[in-house]
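Heads up, the next two complexes both have chain A, just with different partners, chain B and then chain C.
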Partner chain A sequence: MAKFNAMTQEWLDAWKEKIATSAEYKEIAKNWEGSVSIIVNPDPEKGIPEPIYVFTDYWHGDVRDFLICDKAKAESANFVMSGDFARWKQVAKKEVDSTKALMQGKLKLKGDLTYVVRNIKTVNKVIDLLCEIETIWPDEV
Partner chain B sequence: MEEGLIENRATDVPFAGILADLLTANLTQRPEKREVFEKMQGAVAIELTDIETAVTLVFAEGKLRIEAGIAGSPEIFIRTTSDRVMDLNALKIVGGLPWYFDEAGRNVLGHLFAGRLKISGMFVHVALLTRLTKIMSVM
Partner chain C sequence: MAYDQDLAFVYFGPTKIVFGAGAARDVEMEMAGLGCSRALVVTDPGVMKAGLVEGVLKALGDRCVGVWSEVPQDTGVGIVNRAAAFAREKGADCVVSVGGGSVIDTGKGICILLTEGGGLENFEGIQLLTRPQTPHIVIPTTAGTGSEVTSMAVILDERKKQKILIVEYFNTPRIAILDPKMTEKLPPLLTVSTGMDAMTHAVEALQSTQREPIADGLAMQAIRLLHRYLPVCAKNGADLTARGQVQLAATMAGWAFGNAMVGLVHAMAHSLGAIARVPHGIANGILLPHVMAFNLDDAAEGYAMVAESLGVREKGMDEAGAAGSAVTEMGAFLRRIGHPLRLSETGATEEDLVKAAALSLSDGAIVNNPRMVMDEEEILAVYRAAF
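Here is the complex of A and B:
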């Protein structure tokens, strides 16, 4: 299986492809509409010298833009999730549940929390599909 | 929503902030929940055992105060884990009561029967628990 460098456009394309080809996702996410940004806080020691901004967009079971972007674009999303690199890595490796990370304040969410809770299966499925990608992490190179 | 309706005194506890945000959004978006909220009297403690976090929701005079930890002697004490507590928010309200006959309801019952979700005081303070479920439900 191909491996992708984390937080790169190729990695995002692979994630988008995983989601787009998942019949289960299509069914679960049929009511979801809206964009979600991920902000990775800088951690020079882990190979993240500057913040990374990721923009992803979902529409009734389809996927639209998946982009590495700038701060303004990231903050324009319906939902903005932010956290340290180490936390995102744990989520992407399924070492930490994203809900648990939110409850602990290790990840932060801006946006309508009631909508997220109503659609928690969609959120979990998107993360599950991310976990399936063979990822090369900058602090492991 | 007017200031002071929900007073979060547990600002150092991220879970308290999530509860405050969720309730604020629910009460703002759904006026029928506001009516229920205003009738609530009593305290409910929620402990998330996996992350060693607890908060107490104190309902009085149409307002809510969120305290860090277990404050006083709450009428209802909910113990579960961080990944399961949101299942309570997924309960539908049908005919004014929590609905346990769909997937979300069966999930909650499953957690209760398996001991993954413990609710002390649920049979004594039925009205408070029902009202809590109504205002917390996002469905």
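Here is the complex of A and C:
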């Protein structure tokens, strides 16, 4: 299986492909509409010298833009989630539950939590699919 | 009780507690200790009418720069924005909330706006703030919400016609003054319904998917105190010893659920409140034994701890047996304290239950329920059992 460097456009493309080809996702996510951005705080010691901005867009079971973007684009998303690299890595490896991470201040969310909760199966499925990608993390290189 | 080897959690509870009959008189001293000199007092018309603010104002003297008393039962973004503008105009450097949950949440919103500026509608979210907010002293006049020690505020966005959730560690009240005299005049129904709100916080913390040992300990002691003293308060509201213990229980339950979160009872009570205006504490109390029965197989360990706290875990009883006895005792407890027992008594209709069941699925609290709920029919069945 191909391996991808985390937080790169190739990695995002692979993730998008996973989601787009998942029949289960299509069914679960039929009510979801809106974009989610991920902001990774800089951590030079772990190979993240600058913040990384990721924009992902979902629409009723389909996926639209999955982009490495600039700050302004990231902040334009319906839901803006931010946190340290180590936290994101824990979420992406399912070592930490994303909702728990939010409530405990390990990640930050700007947006309507109730909408996220209403669609928690969609959120969990997106993370499950991310876990299926062979990822090379910058601190493990 | 067993915790996994990979147990990992964050416990957050920075609020200083000042307790005792007459402790509200210490507000000025506590405020000075925070380095503040200009307080905005936030309250509601009912608390004003009950004469509970007078003593606080007298104690504050000229350190009180204004009183905002227009807080309704369910506070809103517009109210907070106007109150914050008033506080800014008066040059307030701290907020003293005297009241129940709605007043306290209004105070929390004002504290954010005094520090950050702007309108509260821009602060919907979780852990967005990056610095300590304006100091907040809370003097609760009910014993139930636990809001005096939590980081959460639930505020109605009048434009969106929905409640928004703001969770901010940096905006947790600095000081809670628990003065039993402030709850002395609460009528019996309000006493038991707010008390059952606290009981529900404690039980749901013990059953939560996020439960942890510190919250568990606080929840168990809260249940013990409520079980012993809430019936006393229901019979004799002037018993300040019992009032004080119930206040402490509510605060401990607040710490417990503020860290371990709540579950399906709250999701259902929130929804019934939104659809049929059923008061939060009453909905919680009525639903609690029914949701416990629903969760029983998935929360036996937590409910066995509830049984221990209620004093109904007999020697030799296994976990499942103890959990079952906790459910039975919770129903009996409701009857003993004179709490409403059926949702049909609250004015809610069967049609309301159908709408509320659908709404419950989108409530944040449901995520932490020990039994995964994905189907509104399951929720409707619980509502019907409680109807």
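Rule of thumb we're sticking to: the second predicted complex is superposed on the first by the 141 of 141 C-alpha atoms of A that agree within 3 Å, B and C clash if a C-alpha of one lies under 4 Å from a C-alpha of the other, contacts with A are read in each partner's own complex, and residues count from 1 in each chain.
The rule we apply is simple: a contact is a pair of C-beta atoms (placed from the backbone, for glycine too) under 8 Å apart; a residue touches a chain by one contact, two chains touch by 3 or more.
Only a predicted model underlies this, so the values are computations on that prediction, with no experimental measurement involved.
Asks: On chain A, do chain B and chain C fit together or clash when superposed?
Replies: These partners clash in the superposed model.
Asks: Looking at A:117 after the superposition, I want to know if it touches chain B, chain C, both of them or none. Which is it: first, second, both, neither?
Replies: both
Asks: More residues of chain A in touch with chain C or with chain B?
Replies: C
Asks: Identify the partner contact of A:136: answer first if only chain B is touched, second if only chain C is, both if each is, neither if none is.
Replies: In the superposition, A:136 touches no partner, neither chain B nor chain C.
Asks: When the two structures are overlaid on chain A, which partner does A:103 contact: first (chain B), second (chain C), both, or neither?
Replies: A:103 sits against chain B and chain C alike.
Asks: Give the one stretch of chain C, out of 95-103, 131-139 or 311-319, that collides with chain B after superposing.
Replies: 95-103
Asks: What residues on chain A does chain C touch that chain B touches too?
Replies: Chain A residues touching both partners: 99-100, 102-105, 112-115, 117-118, 120.
Asks: For chain C, which residues count as touching chain A in their complex?
Replies: Answer in residue numbers: 9-10, 12, 124-128, 162, 164-165, 167, 169, 210, 261, 361-364, 366-367, 374.
Asks: State the interface residues of chain B toward chain A in the complex, per the touch definition above.
Replies: Touching chain A from chain B are residues 14-15, 17-18, 21-22, 25-26, 29, 48, 50-51, 53, 81-83, 85-86, 89-90, 138-139.
Asks: Could you list, by residue number, the parts of chain A that touch chain B in their complex?
Replies: Spelled out, the residues of chain A in touch with chain B are 97, 99-100, 102-105, 112-115, 117-118, 120.
Asks: Sort out for me which residues of chain A touch chain C in the complex.
Replies: 99-100, 102-115, 117-118, 120-121
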